[in-house]
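Got a structure here, written out as structure tokens. Questions coming.
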Amino acid sequence: MKIHKILLGSVAMAVLPVLAVAQDAAEVAVPVAVPTDVVFILNSLLFLIGGFLVFFMACGFAMLEAGLVRSKNVAMQCTKNVALFSLASIFYYLIGYNLMYPLGDWAIEGVLSGLFPSVGVLEAVGIDASGADDYGYASTGSDFFFQLMFCAATASIVSGAVAERIKLWPFLIFTVILTSIIYPLQASWSWGGGFLSEAGFSDFAGSSIVHSVGGWAALTGALILGPRIGKYKDGRVHPMPGSNLTLATLGTFILWLGWFGFNGASQLAMGTIGDVADISRIFANTNAAAAGGAITALLLTQLLYSKPDLTMVLNGALAGLVSITAEPLAPTLGQATLIGAVGGALVVFVVPMLDKLKIDDVVGAIPVHLVCGIWGTLIVVWTNADATLGNQLYGIFAIGGFTIVASAAVWAILAGIFGIRVSEEDEVNGLDMAELGMEAYPEFSKG
Amino acid sequence: MKIHKILLGSVAMAVLPVLAVAQDAAEVAVPVAVPTDVVFILNSLLFLIGGFLVFFMACGFAMLEAGLVRSKNVAMQCTKNVALFSLASIFYYLIGYNLMYPLGDWAIEGVLSGLFPSVGVLEAVGIDASGADDYGYASTGSDFFFQLMFCAATASIVSGAVAERIKLWPFLIFTVILTSIIYPLQASWSWGGGFLSEAGFSDFAGSSIVHSVGGWAALTGALILGPRIGKYKDGRVHPMPGSNLTLATLGTFILWLGWFGFNGASQLAMGTIGDVADISRIFANTNAAAAGGAITALLLTQLLYSKPDLTMVLNGALAGLVSITAEPLAPTLGQATLIGAVGGALVVFVVPMLDKLKIDDVVGAIPVHLVCGIWGTLIVVWTNADATLGNQLYGIFAIGGFTIVASAAVWAILAGIFGIRVSEEDEVNGLDMAELGMEAYPEFSKG
Amino acid sequence: MKIHKILLGSVAMAVLPVLAVAQDAAEVAVPVAVPTDVVFILNSLLFLIGGFLVFFMACGFAMLEAGLVRSKNVAMQCTKNVALFSLASIFYYLIGYNLMYPLGDWAIEGVLSGLFPSVGVLEAVGIDASGADDYGYASTGSDFFFQLMFCAATASIVSGAVAERIKLWPFLIFTVILTSIIYPLQASWSWGGGFLSEAGFSDFAGSSIVHSVGGWAALTGALILGPRIGKYKDGRVHPMPGSNLTLATLGTFILWLGWFGFNGASQLAMGTIGDVADISRIFANTNAAAAGGAITALLLTQLLYSKPDLTMVLNGALAGLVSITAEPLAPTLGQATLIGAVGGALVVFVVPMLDKLKIDDVVGAIPVHLVCGIWGTLIVVWTNADATLGNQLYGIFAIGGFTIVASAAVWAILAGIFGIRVSEEDEVNGLDMAELGMEAYPEFSKG
């Protein structure tokens, strides 16, 4: 880093090579535009980088949740997070992707494409270089990889709220339905060219489409499950502190990192200077919103309780991230910070409110993903002139209504058929020993 | 994310800027092809991104292994992982890289290049912009960086299998031989233009060349060391559960993340639409195989033991990843899922089989990296029409035979000269106190 | 990975598509040069990738420090790390960035730009594609995002040294001053076109500008705070071992990963083959220096104390990274390894020296970031012919003198107004219960 770009820019430009496209020196020109094949490559690269960053969010959720449950349920929380991501990978491929972006006989094609090489969502190996025009604006494989990660993130949101009392297999069956049908179907309304996109509903990277859907599914699950034993006893709230706050901090940082891919690559294109400048705005705004959320939660817990609360600060950062997700591009940095800050405040106020309603959300997924998902979707109207409050409310209600009904139906059916809650004895002993027969930290004495 | 690409693609194309390469509007054309300098940049960038992702796998291995050993050996496992990566960095540079890609007097040049700026594996600073043609298809520095990470990964595989009983320094000396000679020499047979590549042996990203080599070295080490005290006593297998399963989960997720670079950047080029589409296939397939492996291990442990086993699920994901590594490009998503699923099943069945043979592999490196490395290399014939079973077996035996002999010789020599196993007392007390004089978790009471 | 590039390079070149820019086949030419819009995109992409890697260093610092403090102070250390990064994000935006790169009425503009969309550090949304020439050489948003992370890293360095005894809020106020004024002001001298860059001071990615500034601020803080209770009692040094060495190892690996972005993206450009080859050199050299530092610390602690010390090995790797940061481009791999090795040795010798001086640096931030920051800045003269010892000393003294005076003044004022040290009782009980009312590991018995 020799010196800053603004000062050096003109020098850098001056040394750029000049392309000789013709023999005649008079016709030599500095090329400006981006060749279409390069556009295709850069767009695909954006999806791949964004995709691996969002993939890492699966790890972030696992660490956050493993840190916020009690040690007797930690191995189960890890198991659920690995399994839900894996199931999302399989079922979004088999069913979800083609349901979200219908291409004809989606379901059959999706299933068949798994076994027969001639049918599938990916381009053939080694498509030729006759030009990107034949292949759309990015590789299908990169798009699938990126979209899959959004679907999986939706499922990750649910697992934290219903932790410490839900049975493993019913939870995983719910995950299958969520990732193969519920998420893709409603996502197609906005991102698959469906009625919400036509109505003008605006949700850039998924405050509603991803986060509130995960949040609604979590809320219906938490309601049908009921609170953990002892959480609300004798009219009082009994805190059940997380067993490992360094893991929760690690998970939050990983999620924050992944969010640059989540929001940034939702620009969907990196082949023009306008696109890359927009992605840059999104990165900066996403970070600003997280910072605003964290600091607000820190200040508010200091003011309200005289002691800052690390868990709230972590959830405040995540709240800021969810809040900016519906519109990370249009705001200025100051607006992004404020949007995130309101998100952080919402978490501080909604967490005790849920406790008053005896809704037991182990990790705070409902305030973070549902409440701030709605907040983020509404506040789009502040900075994006194309969005209207009516359209945003329309989207929130359509997505929320569908997800509530569908999730509640699935939870209820699972409860009716298998039961979704472990026995009282198993819950008291912890899911790790009861369902897995192992402990996350077998050597450390519990105090 | 306004709307999906397939629907918007034509619009996106329409707004692409048109390059004016000549005054006459009639001659204006949309450029399609990728300039050669851009190809060079994109190829190098692929190596750098792939390289830092594979670098992070060193952290993944460290966390996985630190989580799966008992707490009294955790600090040692961390020490070994940092040290082995560092030694790989130094000795692959000094000897290995030039041995793998012989450029003349490799050994001398390699050593000298360290001290004399005029000789070396890197381009000069600020190579001029007269055109990439003079410099091959990517920067040597990026290629070195990427290849180094593969060499280091091979060494990381060994440390888990021989954990909890091997002495630090003999292990590190083995690492030096492995990374400067054993790995590079056999890798040159396939990737340096040697006899295996000429014979038609096909191992895209190293199921055999990296993973089985690490696995064979681990197996010979585990055999020569013998099992941990008390592991096989009175004709029974005594489980020694890992001390920290959240760490093991973290390590698995990090390895999964790194594998996108491991397999994806093994495409070795990103400068055409065909290359980036292939990389996208690889990303998607790599993920699918991991998912298939994890879910299979989950289902099988549920079916066989009535309780899912988190450690098996984690190793199942890794098994899927190793299995797809020999051919991550050709399979469809469904085939990739199945290839990974078989890998996951192999781990579930091979782990108890090793215990019956009293081969004590602390973290499951042999089933994951050796058995699935062989499986992955064989199954290439299913999806890659250029591969034949004969050629694949030829490669497996050539690589395996050499690595077994070379590793066993080195282990035996080290055992003869220094002894490679700690004293019984040190093993019982734990390597942390015995060899390092410190504990990983000094404040937590052990139960 | 079919075969190595050097062998295949010519083939790869041969299949590159030929661009038809004119009707006449005789005029068809393979394009070589990089269009200016592509340069802009690649430069911005470098900042974004580098930026998210350096962002992740905030997590690395948090984990390192959380692992090296005693368990009673872990939640506080996490809180401080999340909060300091968030405050850096807000105040570098509000004040620091424009102070570092003055653009006119920086302070006012910075503040106003937060609330009024028309003023700001980011380009407008969707800048048009008429050509990158109008927008400098990369997007401002990407540059801001990248530069912010350097500012935040400086603040992260401080928190470890003053851990376990400083009050939360005075520390955070110091962070605000550091990130809005102290860091940006001195950074502008070198990177904003100020007097140090004009004088010929050379600090590529910030051995002095980032690391020694953090180190000086840490040193003044540690001196004014004084050592922890019981650390130097009865004329002896009482070790206070870190509570979780796996976390410290994780943090070190994450920092190592992030450093590829830190040093690599400080090349500031990726739009020519020369730039990407230089970035590749930097990646390889950065890794080599870390390896050299780690192995040297391992060998030295073995030789000096008969037992290798994991904490020293980790700090040795970090020392190598800091040492190479002032000039990661010019050295050969061998020189980089040696520069890092000296850094690793410095840590081994300086840590006990500080203890003799009763300077209590909890995590080793002063040896790693200050001492090796100075070492790295001086050794630039070995490999970079443009650097002179005089200029390097000038920069070290100018930056050091200013930072010492400014930091000491701020610490002293804070100490005078609020007091910066917690009460003896709170320190003994731990900051987690005293200031936060929570524990990081509430269930694990302390031994």
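Think of it as A, B and C in the order they're written, each chain with its own count starting at 1.
Keep in mind that, in the parts below, a contact is a pair of C-beta atoms (placed from the backbone, for glycine too) under 8 Å apart; a residue touches a chain by one contact, two chains touch by 3 or more.
Values in this document were obtained by computation on a predicted structure and should not be read as measured data.
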Check your understanding: Over half of the interface residue numbers used by both chain A and chain C, so same, or under half, so different?
Key -> different
Review point. In degrees and to the nearest 5, what turn takes the CA positions of chain A onto those of chain B?
Key: 120
Study note, to complete from the structure: Distance between the CA centroids of chain A and chain C (whole Å) is 28
Review point. Going by the touch rule set out above, which residues of chain B reach two or more other chains?
Key: 16-17, 19, 21-22, 31-35, 37-38, 49, 129, 244, 250, 271-272, 441, 444-446
Point to revise | chain A to chain C touching residues, read off their complex | key: 1-9, 12-13, 16-23, 30-35, 37-38, 42, 49, 53, 70-71, 129-130, 241-246, 249-250, 252-254, 256-257, 260, 264, 270-281, 283-284, 287-288, 290-292, 294-295, 298, 305, 307-311, 313-314, 317, 329-330, 332-335, 337, 383, 441, 444-447
Practice item. Within their complex, state which residues of chain B touch chain C. Key: 15-17, 19, 21-22, 27, 29, 31-41, 44-45, 47-49, 51-52, 55-56, 58-59, 62-63, 66-67, 74-75, 78-79, 81-83, 85-87, 89-90, 93, 100-101, 103, 113-117, 120-123, 125-129, 131-133, 135-145, 148, 168, 190-193, 197, 204-206, 244, 247, 250, 266-269, 271-272, 435-446
